[in-house]
Each structure stands twice: as C-alpha cells, then as structure tokens.
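Chain naming follows the written order as A, B and C, and within any one chain the residues start at number 1.
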Amino acid sequence: MGISVKLQVFEGPLDLLLHLIDKNKIDIYDIPIVEITNQYMEYIRAMEKEDLNVMSEFLLMAATLLDIKCKMLLPKEVNEEGEEEDPRAELVEQLLQYKMYKYMAYELKDRQLDGERMLFKSATLPKEVLEYCEPVDMDVLLGDLTLSKLNAIFEDVMRRQEDKVDRVRSKFGRIEKEEVTLPEKMDYVEQYAESHKQFSFRQLLQEQKSKLHVIVTFLAVLEMMKTGILQIEQEDTFGEILITSMVA
Amino acid sequence: MGNEMEIEKLEGLIEAILFTMGDSVELEKIALAIAHDEETTKKMLHHMMDRYNADETRGISIIELENSYQMCTKKDAYECLIRVAKQPRRFVLTDVLLETLSIVAYKQPVTKLEIEKIRGVKSDHAVNKLVEYELVEEVGRMDAPGRPILFGTTEEFLRRFGVQSLEELPSINQEQIEEFAAEAEDEAQMKLDI
Amino acid sequence: MGNEMEIEKLEGLIEAILFTMGDSVELEKIALAIAHDEETTKKMLHHMMDRYNADETRGISIIELENSYQMCTKKDAYECLIRVAKQPRRFVLTDVLLETLSIVAYKQPVTKLEIEKIRGVKSDHAVNKLVEYELVEEVGRMDAPGRPILFGTTEEFLRRFGVQSLEELPSINQEQIEEFAAEAEDEAQMKLDI
C-alpha cells in the first residue's frame, strides 16, 4: 500500500484517525469502528520501525479503539436518564476538539503572515534623557536630621574607635601575656556551677578580670555545653542566657 | 478632554514616547508621563491610531497589545523596508508548533498535560520551542499535586500574529463546532450518494 | 515631482524607513529604497522636516546630518520622556552614610583613608554616595604621597543646617580631641615597643 512513506506526516494517533475519517468520508459522529480500527491497525503494523515513544502513543489509541469495538458488540449500556450510551462518544469529543485546534492553527498561520509585515524599532533614548540625573531632593534625603543628631553620631563613632584601644593596657607600653588555659577555666566554671547550680552567663562574665578571661570563659562554657556538663537556655534573641549545671 | 491645542501637544508627547521607547509601553506609564488619567490617554491613543491609519503620508502606525501600545511600520511599507532594513530573524513555525500554540492561546492558562491530552501526543518539545521563541511563557503554577506549570501566550505572540488582545483571537464558538459537525455529515451523505 | 497622491505615499515610506532604522540613514539608501532619484528624495525629506516641525501633534522630527537623515524626538518632549524612561529614585541616608557624613563634617578636610581608619571599614561607596547627594565634595588634595583627595561638606550642606560656617558646627570639645591624639600616640608607641 506504500503507507510507510506517508506515516511521517501524522503528528499522533488523533491526526491519523482524522485522516482516516477524512479519507473514508465518514460521519465523525458515527464512526464505523470495526472498519476504522482495521485500517488503523494496518498503519500501526507498517510503523514497526518507529521509536518506542511514538509507537506507544499510537498503540494506546489502538487499545482504545479495540475497547470501543468490543463495547459496540455488547448490548448497549444505558445511563441514568435511560438513554443509550454510545461507546464512541468520548473519542468523538476528543476528535472534534482536536480538529478544532487544528483549524485554529491554520487561522493563526494566516495571521502570522500579516504580523510579519510590521517592523518595529529598538529604543533610541536621546542623550539628554539618558544622561539625566534626578536632582537629589534634600528635604527627603535629610528628613529630620539635625545638627545635634549628626554630632551625636560623630561622638558615637569616635567612642567606638576609642573602645578598640585597651586604654589601661596601652599605657603599660608592653603587653604581658597572661596565661589562662582552657582546662584551668573549665575547672573554674565547674566549681562555679557547682556552687551556683543555675546562673546567667552575664553573671559569670562579670567575675572575669580581663578580656582574655572573658574569652576563655566563653570557650569553656561552649566546651562544657558540648560535653553535657552545662545546659544553656535563651528564651529570646538577646535575652538572658541561663546556664544550669547538669552535674548532680 | 481639554481644549484642542492642549490635546494636540499631548498627542505629540505620546508620539515621542512611543517612538523613543520602541518597545511596547503600558497605558499606565504613558498616562503618568503626560500627567493625564488613563481613560483620557486611551482616547487620545485611539484617536492617534485612527489618524495614523487614515493618513497616507504616515508610514507608521500604533498597535494595541492588551494594555500596552507600540509603534510599528504600516504593513504596506514592508516591500520597501526590506530593501534597507535588516529583517528580524523569524522562526518558522511548523504545523506542530502552530497546533500547540493554538491550544495554549485558546485554553490558557494550560498545563503541558492538558495540551498532551488534546493532541494525544507528548508535547514537551513543542512547548519548549514555543517558550524559546518567546511566544509562550510560564504564567503560574496550578494548585494541584506536583504544582504543574501553567502556560500562556506572550506579548510577542500578540505582536507576531497581529492580535490586539486575547479576546480578539478568531473565536472558536458553538457555531463552528456545529459547522464541523455539519461538514462531517455532508461528507457522510456524499459517501452514501456515491 | 509626480502627482500629489504619489508623493504622499512616498513620504509615508520614508517615514517608515527612518522609523525602523532608528539610526541615521544615508540619502542614497533612502532614494534606493523608494526607487526615486536622490534629488527628489531630498526634496521630499525637506518637505517632511518642515511638516513635522510645524505640526504640534508630532513629537518627532527629522534631522539632517551630512548626507544622512535621522528621526528623533522634539526637544520639548524630553521632560516627558524622562518620566517614562527613568525610574524615580529614592534617596535615603543610611546609618553608614550618616556616620561617614558626620566624620567628614567634624574632621574636614579629611581623606578617604582617614575616614576608613575611624570607621574601621572601606568607605568608598559611602563617600561616593555623599558626593552624589551633593552633601560632600572634594575640597583639595593633601600634600602627601599620592596626593589623596580631601573631602569636606558642601555649601548646600551648611545651608541646609542653617550653619553660617564650619566653626559653627557643634564642636566636640578640644579636650576630647587631645585625648584621642594622646591615645593614638600611645598606640603608635606600643607598636614600636613590641
């Protein structure tokens, strides 16, 4: 029949079915299922070399057709209203819908030709517009800033810079290395925890003489939390950090 | 609307805006720029569109795309223009792409699965190509398991197919469906006659 | 020239050409596109230029450049175009900017390096922003290697705060400054000792 050459044309099972219906000049509402199914299967057989993905879609339709063919042979089912149900109804619906979109695609194709004849241009902003810089609105920018506020900010900045210098020790002229080891500090915290049971982190830090002691204390607490000697709770962000001794 | 003089100047401004931007400009933006309300602005735009179309000395016209406006050349200038202007690269839309595009256009927002159900074949490739050609885009997600992507047509689609808004698409209506049915019947009848 | 009808259409074509090209187009090219000689084309172009300029409803005009022609917007439309093309900006003084501004105000003339030393972080962005906002400006160069720029506050800044001159700025008292100086020296000493 020389079918294989024509096969490429069909986009899918619906396309093929529509073709068969057209070719046989059949009423889409009254498809002679047996005849169409036979013709459809003939195409499928000729398609054996197609890749599996494409094939499976055609096979699914074949199964549907065979299913309808079976139902046509059986006594007709009756729906709630007592009307006979046509097993082909769903397929007809699908075919009609598909046919409609195919028709709309042709309409679009015509319109496309029209649309193609219009040319547009890219943006060409005049230099003056491109280079325009919105003037700064000082009222908005400065808002409620006052000179004394600015002064307060400045003093704040300077104070912060000052804090970076350890004023006491920088006067020594020489930095003596203090020896505080982590194990020593851990012993200390453990003793502290035993005598206090529950206390705040801040409370513990207040006992520390220098920055180094603060740091090592912090490390000691972290370490002891990890090993389960201490339990730490903080209810909310920046809230008090509570330390509880877990040693009975 | 204000006095004649005023309107003329405003239309001049709108022309300048559309010319400069090249791309489509939202009605809202135009209205804001000329400091008038959207309704008045829209009226002026439509007045301009009519004026441009009626005037033979005008080689340009304005198209409406949903709620945006864009300046373009008139269709009859095309033959002359391709002699000087570089033709923008157009993608050839195959029948498969057109078919898929028509489904997206009429059923949007639509998922890939729905498209596949109508076409009866896998449509990943077609949808991806349409997205690549900027004719179709993701417009949201369906509130369903897997949250599948919903597709819709783009402004480029409207431009390319000379459609002003989605409502303007050649309609599929009940009559048409019946027409198809009638056609089919005729064909069937014919067959019997033969 | 041919009949009126013909010319109108040709001018429409020229309009379309100049529009799509956006850039300037040589007379030769235009003439070729509309299939007329250069002299006639030029006449038409000049006729169009006059027409565009006289017409208030036109926001665009045509300019002649050497032997080329270009479509462009009329100057009175610029203000309006800015409103479409440029997003209005929001100006805010962030904490970082305020901090930097206070340093410039109280320590001027001051180099970027000094500001960075006080703040402990790179301050290019902050200084540049303040210059852009016209609160701070270059007031000279320091006589040091690399001749770094010295920054100071602008007249606008003083005007805004109703300050007659810099001396009027609420000062940090001298003691404090000396204290800072002493500290800095100590620190320097410390470094030497180590």
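Everything that follows uses one rule, which is that a contact is a pair of C-beta atoms (placed from the backbone, for glycine too) under 8 Å apart; a residue touches a chain by one contact, two chains touch by 3 or more.
Since the model is a prediction, treat every value here as computed from it, not as a measurement.
Comparing the CA-atom centres of all chains against that of chain B, the greatest distance is found for C. Looking at A-B and A-C side by side, the one with more C-beta contacts is A-B. Computed from the mean C-alpha positions, the centre of chain A lies at a distance of 39 Å from the centre of chain C.
Averaged C-alpha coordinates put the centre of chain A at 30 Å from the centre of chain B. Residue positions of chain C with contacts to 2 or more other chains are 16, 19-22, 73, 81, 85. In chain A, 119-122, 124-126, 129 are the positions where the chain touches two or more neighbouring chains simultaneously.
Across the interface of their complex, chain A is touched by residues 19-23, 63, 70-75, 77-78, 81, 85, 87-88, 90, 93, 95-96, 98-99, 101-103, 105-106, 118-122, 159-163, 170, 172, 176-177, 180-181, 184-185, 187-188, 190-191 of chain B.
Within the complex formed with chain C, the residues of chain B that make contact are 5, 8-9, 11-17, 19-22, 25, 29-30, 32-34, 48, 51, 55-60, 71, 73-74, 77, 80-81, 83-85. Of all residues in chain A, only 119-122, 124-126, 128-130, 132, 134, 136-138, 140-143, 145-148, 150-151, 153-155, 157-158, 161-162, 164-165, 167, 170-171, 173-175 touch chain C in the complex they form. By the touch rule above, chain A contacts chain B in their complex via residues 11-15, 21-22, 24-30, 53-54, 57, 61, 94, 96-109, 111-112, 114-126, 129.
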